[in-house]
Amino acid sequence: MTASTKKWLWLVLALAFLVPLLRPVLPDLVSDYRLFLVSTMMIAGIAVLGLNLLTGFNGQISLGHGAFYAVGAYTAAVLMDHLDMPYWLTLPCAAIVCFIVGYLFGLPALKLEGHYLALATFALALAVPQILKYKWLEGLTGGVQGIVLNKPEVPFGLPLTEDQWLYYYILIVMVLLYWAAANMLNSRSGRAMMAIRDYTIAAGTMGIDTSLYKTVTFGISAAYTGIAGALSASAIAFVAPDSFNIFLSIKFLIGLVVGGIGSLVGSVVGGIFYVLVDNSAQALSTFAKNDLGLQFDLSAYTVFGILLIVLMYLMPMGIVGGVYYLVQGLRSSMRSPEAKAQAARKQHATR
Amino acid sequence: MEQFLQQVASGLANGAIYACVALALVMIYVSTDHINFAQGEMAMFSTYISWQLMSWGISFWIAFILAVVLSFILGVVIERVILRPLHNAPVLSIVVVFIGLLAIFNSVAGAIWSYLIKEYPSPFPKSSFGIAGVIGPHQLGVVLVTLIVLGLLFAFFRYTPLGLAMRAAAQNPQMARLVGVRVDWMLALGWGLAAAVGAVAGIMVAHIVYLDPNMMAGILLYAFAGALVGGIGNPGGAVLGGFIVGVLENMVAFAGNQIEKTTGIYIIGNGEKLTVALIIVIFVLTVRPAGIFGRVVVKRV
Amino acid sequence: MKTNRRTFVGGISAAAMLSGSRSAFAQKKYDNGATDKEVKIGHTNPYSGPASSYGVIGKCIEAYWKSVNDRGGVNGRKINFITLDDSYSPPKTVEVVRQLVEQDKVLCTFNTLGTPTNTAIHKYMNQKKVPQLFVATGASKWGNPKEFPWTMGYQPDYHTEAVIYAKHILANVKDAKIGVLMQNDDYGKDYWEGFKEGMGKEAGRIVKHVTYEVTDPTVDSQVIQLKDTGANVFFNIAIPKFAAQAMRKAAEIGWRPAQYLNNVSGQVTTTMKPAGFENVQGVITAAWLKDPTDHQWDNDEELKIWRTWMAKYMPNGNLGDVNYVYAYSVSFLMEQTLKKCGDDLTHENLMRQAANHQKLRVPGLLPGITVSTSPTDFYPVQAVQLQRFKGESWELFGEIMHAESS
């Protein structure tokens, strides 16, 4: 990470902490609803971050991260509902449970590659909602009816609304997780992970225990996504099998690709996009109907599809990748031809 | 015993559906190396086209042929217009494009033809013969059509120069280009063929599951599993894989049923049959990573 | 039995009416979402995803308000109807409903669709004290004014309907051995629980209970299992696609039980015809809406008006889709409720008026079925009539059954 991106990150972070405090000045702009919306974006961001650790940095494809999200959410919900556990304590529990599930799933996954791994994870995403409804688990999971929860209360008598508190809570968790991921990737282990992605066999000959790294990465990735699930259980205050259908996993994948595979910042961007694209598709659909006077109904789902394709056209490397090249291009066009060539070579190398 | 036979027969009938869609998946995979998640929705769309033609008074088989031809053209157009510019994009970006296509086909079909289910005629005679009560005439017909399509594809790839060119383009594009194969067009042709096979699948399936925009959602996964079990690069394997998944799934439910009957304890049932079937599939794949009939590709390091 | 929800006490409701009508002529009072010019109403519906066949309900309600606005609105106020897609995903519903309540500041939400989706916002709406009116789900939990005074259902609940079938089976089928096919979600579960309750001591007559998932391609395997048990009654708790498949498969494998079909799939064109008329003779279901594809209503006055309305406001709508009748009827009820509010458009008064309908005739409901509510009765439509399939249409029989008579 370059110094300039770091500077930007700090700026965004400072803004994220300060903006909610502007409520007395701009009550409409920083309403509870907006904060809640940003909270859901951050939750999605964490989930995509988990997926990115696995797919972007370790090269294992998963179409089933919704399953870990569900396991995390249900772990939190069951603990809160049956054991009256405080909501913040459910996060480490969800992380541990999901790590174990992810690690165990990673063992057979070692044998599978590419499309086969895609199928296995896809199957996992399909199986989890059905397992939640399994007859002998019904007492715990609430079966098809799910579990209704309470929203987290504001602690220590802080002068915040529930949504403000939730926002800060999620923001802090996200920053911690992001920081941990960045550190991990920057360490020996992180480089080993990426070496496996780039050339498994070579990594093996260099003495990296590829199996161990792959399974542990699976576990960590699942834990991240599981924490996101646990957070969502608190934020939505309701879990049900219907919340975790196969499309959830696909949306994480979309968030990953659109944000930027193998980019931490991209994960957060992807999380934001994940929430925004739905809303903007709907807005665009109404806009097309009411303001452009379209004769036929262009449904939001159609707009969603078109948006995805157009986005992939414009930025096949994701938003972060696209912006990166754009900035590079702008810079090099302002530089001398010699530096331009150098930049091009560098760009080639980073690809 | 009667139940066992009926379960196997119904598994085979479902398997035929999966096999048909799996064939379409394999077609795209063989020619472009991608798994097309929009395949099911494209097949659904083709089926609606044939339905529309029939509702205009065209007879079944003519509508069938027209729909297959139109689907072929649609497939070629999608490849040329939408996927060609993304030639060098990463695999997952292509997957996202497929998801986009899925959303578009699904919602456009819903907008044109509504989400209500429609009945779809069966072209096969409604006779009752020796095995009536075990397997219906339409189901038998589907099995037959699937095998015919498989035979045709096999002959096409094996014995025609075009088929050979397509295989060459997929396996080694550079070399194929050197010997004068127009690789670009071969890819588009692969898409067209896949769309056409998908149309056949959709038309065969629609009588059984009824026609609606979401009719392929569940089936695609089974087809995917079937194709992988059989070996994704192998049409024959994919068909067999489809049948295996269909029967296996019913057998899981049957076994659970029998256990509950004899011991009175519910262990697995219809709610878990898909899960258990998939676990078995994945287990098989960990033992034979290239699928049952797939050839292991030895990579040179 | 806890079906005495309809504690219809004339005195109480008369008093409620008096107080209601008096406040209607008080001075103008508004909560969020209401002004002199307009009333904002929020709505969520699955326009995409697996439940998108219900999308037409949202479209139809939207068209209904347009027609109301063309007539000059309700009490001179235009209706600003905001409908959003939640793709039947509870977390998404929470998000869009919060947008409706906090951002768009609607007066109420109306006919939000789906059981899990409404469950996700149930608590929220009641904490915010914003009416969650006439929800589009048949679950039995929506009529609980004590704990959730801001939520009201609309249609007869699945639970009660299943009790009615159970009673009918016990009274009419000798030595009943019952096989049940159920969609494995809360809609199926609600029917299932009601059915078991209705069987009471005779619950042992249920010899087999099988489930399917909406992602299953077919339910053939399940029907085979049911046949194998030798059941002579088949209770079919499935949405049209699977209900039709099941009835056709039963005939194909030579299983001829007495069949009971849930009301969800009681339409001629989407269930009975695809299943094959020859396969569904004698099937029994309960109805409360007029099925537009049933020829007995071809000359029905209400449906004639509905058809002309459809031609004008939903020209592309499928006249065979009962969802349009549903949406039309529930919108009518909402319009009447708003009318009764007069110029007092507060959350409280809206709830008061919603709980203050006396034998209101709503177009589209079966003859003899009306809407009645009271501060203790949050179940607007609570009556059904049994019907049997004959030839190519349904034949009503027996009396209209209220919950307490079942």
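Letters A, B and C name the chains as they come in the text, with residue numbers starting at 1 for each one.
Operating definition for what follows: contacts are C-beta pairs under 8 Å (C-beta built on N, C-alpha and C of every residue); 3 or more make two chains touch, one makes a residue touch a chain.
Values in this document were obtained by computation on a predicted structure and should not be read as measured data.
Peer 1: Both chain A and chain C are touched by which chains?
Peer 2: Chains that touch both chain A and chain C, as defined above, are B.
Peer 1: Which chain has its C-alpha centroid at the greatest distance from the C-alpha centroid of chain A?
Peer 2: Taking each chain's C-alpha mean as its centre, the farthest from chain A is C.
Peer 1: From the mean C-alpha coordinate of chain B to that of chain C, what's the distance rounded to whole Å?
Peer 2: Taking the average C-alpha coordinate of chain B and of chain C, the gap between them is 37 Å.
Peer 1: Distance-wise, how many Å sit between the C-alpha centres of chain A and chain B, to the nearest whole number?
Peer 2: Whole-Å distance between the two chain centres: 32.
Peer 1: Can you tell me which residues of chain A touch two or more of the remaining chains?
Peer 2: Residues 126, 130, 133, 299, 301, 304.
Peer 1: In chain C, which residues are in touch with two or more of the other chains?
Peer 2: Residue numbers touching two or more other chains: 48, 50, 52, 184, 213, 215.
Peer 1: Can you tell me which residues of chain B touch two or more of the remaining chains?
Peer 2: In chain B, 103, 106-107, 110, 221, 269, 271, 274 touch at least two other chains.
Peer 1: Which part of chain C faces chain A closely enough to touch in the complex?
Peer 2: Spelled out, the residues of chain C in touch with chain A are 47-50, 52, 84-85, 87-92, 94-95, 98-99, 102-103, 116-117, 119-120, 122-124, 184-186, 188-189, 213, 215.
Peer 1: Give the list of chain B residues in touch with chain C in this complex.
Peer 2: 2-3, 6-7, 10-11, 13-14, 17, 103, 106-107, 110, 114-119, 133-134, 136, 205, 208-210, 212-214, 217-219, 221-222, 249-250, 253-254, 257, 269-271, 273-274
Peer 1: If you look only at chain A, which of its residues touch chain C in the complex?
Peer 2: 31-34, 36-37, 40, 126, 130, 133, 143-146, 148, 232, 236-238, 240-243, 245, 247-248, 275, 278, 282, 299-301, 304
Peer 1: Which positions of chain C touch chain B when the two form their complex?
Peer 2: Touch residues, chain C against chain B: 48, 50, 52-56, 184, 210-218, 220-222, 224-225, 227-228, 240-241, 244-245, 252-254, 269-270, 273-274, 318, 320-321.
Peer 1: For the complex, give me every residue of chain A touching chain B.
Peer 2: On the chain A side, the touching residues are 55, 61, 108, 111-113, 115-116, 118-120, 122-123, 126-127, 130-131, 133-136, 201, 250, 253-254, 256-258, 261, 296-297, 299, 301-302, 304-309, 311-313, 316-318.
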